[in-house]
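Each of the next two complexes has chain A plus one more chain, namely chain B in the first and chain C in the second.
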Partner chain A sequence: MQLFIEQLLNGVAMGSIYALITLGLALVYGILRILHIAHAAIYTVGAYVGLFLFKLSGSLIIGVAGSMVFCALLGVGIERFVYYPLLKYPPYVPLIGSIAVMLAIEELCRLVAGPQILTFQAVLPFPQFQIGGITVSSTLTAVYCITALVLLLLWYITSKTELGLAMRAVSQDIPIADAMGINSHLIVSLTFAIGSAIAAVAGSLVGIYYNQVYPTMGTVPAYKTLALIVVGGLGSVPGAVVASLLLGVAETLLIGYANIPLPRDALAFIAMIAVLMWRSEGLLGSR
Partner chain B sequence: MKITKLLILAGLVLLLGIGTAGAADTIKIGLMAPLTGFAAADGASVLNSVKLAVERVNSQGGLLGKKVELIAYDDRANGKEAVAVARKLIQQDRVVGVVAGSYSTPSRASAPIFEDEQIPFVAAYAVHPDITKAGNYCFRNGFLGMVEGKSAGFVAVQMLKAKRIALLTSDNDFGRTLAEGFKAYIQDYAKGAKIVYAQTYPFKEKDFKPYLSKIKEINPDLIFASGYYFQTGPILKQAREMGIKTQILGEEGADSPKTMEIAGKAAEGFVIVTNLNRDDPRPEVQTFLKEYESRYKIQPDMVGASAYDAFMIICDAIKRAGSTDGKAIRDAIAGTRNYRALTGEIKGFNDIGEVVKEVQVQIVKEGRFHNFGVVTDMNLITP
Partner chain C sequence: MLLEVKNMHIAYGDIRAVSGIDFSIEQGELVSIIGANGAGKTSILNSIMGIVPLKNGKIVFENEDITSLAAHQRARAGIRMVPERARVFPRLTVYENLMTGVYGLRKTINLDVQIAWLYDLFPILRERNDQPAETLSGGEQQQLAIARALISNPSLLLVDEVSMGLMPKLVDQVFDVLKQLNDQRGLTILIVEQNAIASLEISHRAYVLETGAIVHQGMASALLEDPKIKEVYLGTGA
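Up next, the complex of A and B:
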C-alpha cells in the first residue's frame, strides 16, 4: 500500500509536468486550430533563459519571471511572423512551418549554449513532508504547488475575466467575434503569450527538477504533448490536464508494477490510437 | 568553354591532391570523438586530453624526427557518421593510426574499415566486444564490458559486502554488457549474494522515481547502476531525495565531473569501477591531472585519460617500430609490455587486442573521485 501511494505521488508529479507543457498547446489549438509543435522549443528556451537569468541575478524569481516574459514575446513573435501569414493555407502548412521553427530553435540553442548538458542548481523553497513511512520530497511538493497555482490562475483568467470571455468568443468564431468589436488578433496574440509563459515555467521547473538543461529536451515533449491534446480532446484545456495526469500516473504504475519492455513514451501513443479509434472527440472534447 | 572550365577545375583538384600528399613532413594520427550530440561532454574531454598528449610528444622532439599532427573529427556518437569520418581519415588525410575516442556504436562501425586498410586502430574506452574482433589491427585500451561488469560484482560483494543487490541498467549495448558481466560474477563467484531486483530503463529516461520507489520497498544492500553520467547522476539525486540511503555502485559511464554536477551532495559516497585512479602517485599522472584542470577549468575524467593513453600507445609503437608502416606499427602495439599509461600499467594486449591491466575503484568524497581500491584478481581482469 505504501509503495502504491508513493508511486501515485510520483505519477501525479509526472502528470503535472506533462500538464504544464501541454497547456499552451491546448490553448493555441483551441483558438487557432493549428498544431503548435514549436511550443516544445519555447519550453526549451524557457529553461535556458531561466537558467541564464538565474545565474546572472542569483534569484530564481527573477530567472523564472524573466523567462516568462522572454518566452511570451517569443511565442507572440512566432504567431505574428510564422502562423499569421500562413493561416490562409490548409492546416498542414502552418504545421510544417511549426516543425521548421521547432528545429531552428533547437539548433539555435545548441549553437548558443553548446551541446552539453547544463545543470540548473537552484533550490526550490518548498517543505518536505513525512507521513507514515512516505516521504514527499521538496521537489515533489514544488511541482504540485506550482502546477496548482498555474492551473488556478489559468482557470481564473479564462472563466472569470473579460479576456477569458473574449478568448472563448474568438475560439468559437473569429469573424463573428470581430463583428462584436473584439480585436481578435490581439486576443490570439495574448493566448500565445499566456501559453508560452506557462511553457517557460514548465521549462525552468523541469530543468531544476532533473537538474539538466540541454538543447534536445523539447524533443520528447514535442510529440508526447501532441498525443496528450488528442487524448484530452483537441482544444480542450481541462481535457489536456486530465489526460496529462492520467498518463503520468499510468506510466508510473506500469513501470512500477509490470516490467514492461516498452519504453514509457509508447503508452501515450497507445492511448492516442485507442482514443482515435473509439472516442475521436477525446476524453473531454465535444464533437 | 564548358570543357575548358572543367579541365581547369580538374587540374586544380589534382594539384590540391598532390599538395596534400606531398606535405608529408608530419606524422598524422586521426581521432574520432563525439564533439556534438548527447555525448558532447565526453567528446570535449577526449579532444582536450589528446591535445595535451600531442603537445607532450611534440615538445619532446616528435616522432622519427617529425612533428605529430592530430586530425580530429566529430562522429556525433553515431555509426553512420563514424563511417563517413573513417573514410575521410583514410582517403583525404592518410593517417597512420587512429584513436577511437568514442562510444561503442561508432567504434564498432568504423573498426572494420580501418582493418581493411591495415591502419592501426586503438579504441580508448568503448566496451563492446566486436570492436577488437574486427581484426588484427584493432586494439582496446579500455576494459571490455564483461571485465568491468565482473569487477563491479567483485567490488559489490567483496569490498562493499553486499548480499542483496538491485540492478538498474541502461537499455543499450553498454549498460546491458555491464549488467551481464555483473550477473556472471554473482553466479560464478558469489554464492551468498543474490540479485533481488533487475530492471532496464529506456536510454532517454529522466524520471527514475518509479524504479526507485520499488527498490526502496525491496530495500537491498546495494544498487548497481550501469549507465552514463546523465542517467546515474539523476538516479543518485532522486534516490537521496526519496530518502534511499542504500550504497550505489556505478562504472566508467559515470566517471565524469558532470555526475557530481548533476547529483550535487547526493554523489557523496558513490563508488565506481573505472580506468583512472585520481590518487595515483606516479608523477606523469599527477602532472596530467593538474595540467588538465588548470588549462580547461574542469576535472579530468576517465574518457579523456583513456584517449590520451590510446594516442600515446600509437606514438610509442611508432617510435619502437621506427616506421609509419601500418604493419610495423601494428606489430609494435601488439608487442607492448608493461607500458606506464595514465590509466595504470598496461601489462600488454592479448591476441584479440584487449588490454590487460588492473581495474580501478574510486569513491566520491567532497565532490571529487578518490582512490577506494583496485581489482587485481587476474581471473577477473583477464579478458
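Up next, the complex of A and C:
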C-alpha cells in the first residue's frame, strides 16, 4: 500500500510535468491550428538556459525566470519567422517547418553545450513532508505547487481578463477578432510567449527532477505531447491537462507498479490510437 | 464625406472580385449596395473593414487615408461590421461576445448604459446573456452580431447580408432596427444586400453592383421605381 501511494505521488508529478509541456502545444493548436512540434525543443532550451543561468548566478529563481524570458522570446521568434510566413499554406507545411526547427534547435544545443549529459544539481526551495511513513520529497512538492500555480494563473488569465477574452476570440475567428479591434497577431505572439515560458519551467523542473540535461531530452516529449493533445481533444487546454495527469499516473502505476511488460513510452501512443478509434474528438474535445 | 472609396480593386489570386469602383457615404446616410450573389459585395465590405487587402485604390474615412491601417486599427477608429452569417464567436457567451466589441475601449465607454440600451433593443439577448453563442438560433446570432458591432458607438456601421437565412418576418424586424438607428441616432450605415427590396426601402441612396463594377446608382426611391432595376434585381417584372 505504501509503495502504491508513493508510486501514485510520482505518477501525479510525472503527469504534472507532462501537463506543463503539453499546455503550450494545446494553446498554440487552439489559436493557430498548427502542430507545434518545436515546442519540445523550446522545453530543452529551457532546461539548458535554466541550468546555465543557475550556475552563473547561483540562484534558482534567476535561472528559471531568465529561462522563461529567453524561451518566451524564442517562441515568439519561431512564430514570427517560421509559422507566420507559412500560415497561408496547407497545415502540413508549417508542420514540416516545425520539425525542421525542432531538429535545428536540438543540434544547436549539441553544438553549444556538447552531446554529453549535464547534471542539474539544485535543491528546490520547497518543504519536504512526512505523512504516515510516506515521504513527499521537496522536488515532488515543488512540482505540485508550481504546476498548480501555473494552471491557476493560466485559468485566471484566460477566463477572467480582457487578454484572455481576446485569446479565446482569436482562437475562434481571427479576421472577426481583428474587426472587433483586437490585434490578433499580437495575441498570437503573446500566446506563444506564455506557452514557451511554461515550457521553460517544465524543462528546468525535469532537469532538476532527473538531474539530467541533454540535447535530445525533448525528443520523446515531442511525440508524447502530440499524442496527449490528441487524447485530450485538439486545442482543448483542460483536455490536455487531464490527459497529461492520467498518462503520468497510468505510466507509473501500470508499468512501474503492476509491471505490465510494455515500454513505458508506448502507453501514450496506445491511448492515442484508442482515442482515434473510439472517440476521435478526444476526452474533452468538441464536435 | 464620412467615407470615400476611390478606384477600389480587390482580387483573390488571379480572380478579380472588384474592379475599380468609386463610391462615398455622407455622415448620417443609409446607403445600400445591392447586387446578385458573387457580384463582390462582401469583398467590398471586408476591404473597408481591412480584413481583405486592397489590390489597388484608396479608402478615406473621416478625412484620413486609412488604406494602410490594419483591421483592428480601423475598428478603433470607429468602423464596425455585422459580418455575413453573423460570425459570432461560437464558444463565447452572449455577454463575452458583446465584450469583444469593446476590446481595449472598456474605460472610454459607459458599459452599463450601452448594455442596457442593446438589451432593450434586442430583449432576447438579455435572456441568453450567459449562453454560448453557438446555442443561439440564426436570428438571435444575427441580433448578437449587430449588438456586438454597436456597443462601441461606431461612426460607421457595415452590414453584410443581414437577411441571409432569416425568416421574412425577422428580416423586416432587423431592417426596422437599422432604420431606427439611422433615424434616431444618426448612425451612418452601409448595407450590402441580395434582398434588394428590403434594403432599398430603408435606404437613402443605393449602388447596383454587377460582377465587380457599379452599373447603376441613385436615390433608393428612384431605383425602386426604375423598370430596368425592377426587372433584373427586384424580380417583379416590368
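As a convention for this text, the second predicted complex is superposed on the first by the 285 of 287 C-alpha atoms of A that agree within 3 Å, B and C clash if a C-alpha of one lies under 4 Å from a C-alpha of the other, contacts with A are read in each partner's own complex, and residues count from 1 in each chain.
The working rule: contacts are C-beta pairs under 8 Å (C-beta built on N, C-alpha and C of every residue); 3 or more make two chains touch, one makes a residue touch a chain.
Just so it is clear, the model here is predicted, and its values are computed rather than measured.
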{"item": "Partner chain in contact with A:Pro115 - chain B first, chain C second, else both or neither", "value": "first"}
{"item": "Partner chain(s) touched by A:Thr141 [first = chain B, second = chain C, both, neither]", "value": "neither"}
{"item": "First, second, both or neither for A:Asn211, with chain B first and chain C second", "value": "first"}
{"item": "Which superposed partner A:Ala166 touches (first chain B, second chain C, both, neither)", "value": "second"}
{"item": "Superposed model, chain A: greater residue contact from chain B or chain C", "value": "B"}
{"item": "Chain B versus chain C as contact partner of A:Pro263, first or second or both or neither", "value": "first"}
{"item": "Of all residues in chain A, those that touch chain C in their complex", "value": "162, 165-166, 168-169, 172-173, 175-184, 286"}
{"item": "Chain A contact footprint on chain C (complex, rising order)", "value": "46, 49-51, 70-72, 75-76, 80-81, 83, 87, 89-92, 96, 99-101, 103-106, 148, 152"}
{"item": "Chain A-touching residues of chain B, taken from the complex the two chains share", "value": "36-38, 40-41, 44, 171, 199, 202, 204-207, 209-211, 213-214, 216-217, 230, 233-234, 237, 241-243, 258, 261-264"}
{"item": "Sites on chain A touched by chain B in the complex", "value": "2-3, 6-7, 10-11, 13-14, 110, 114-117, 119, 121, 135, 137-139, 210-212, 214, 216, 220, 251-253, 255-256, 259, 263-265"}
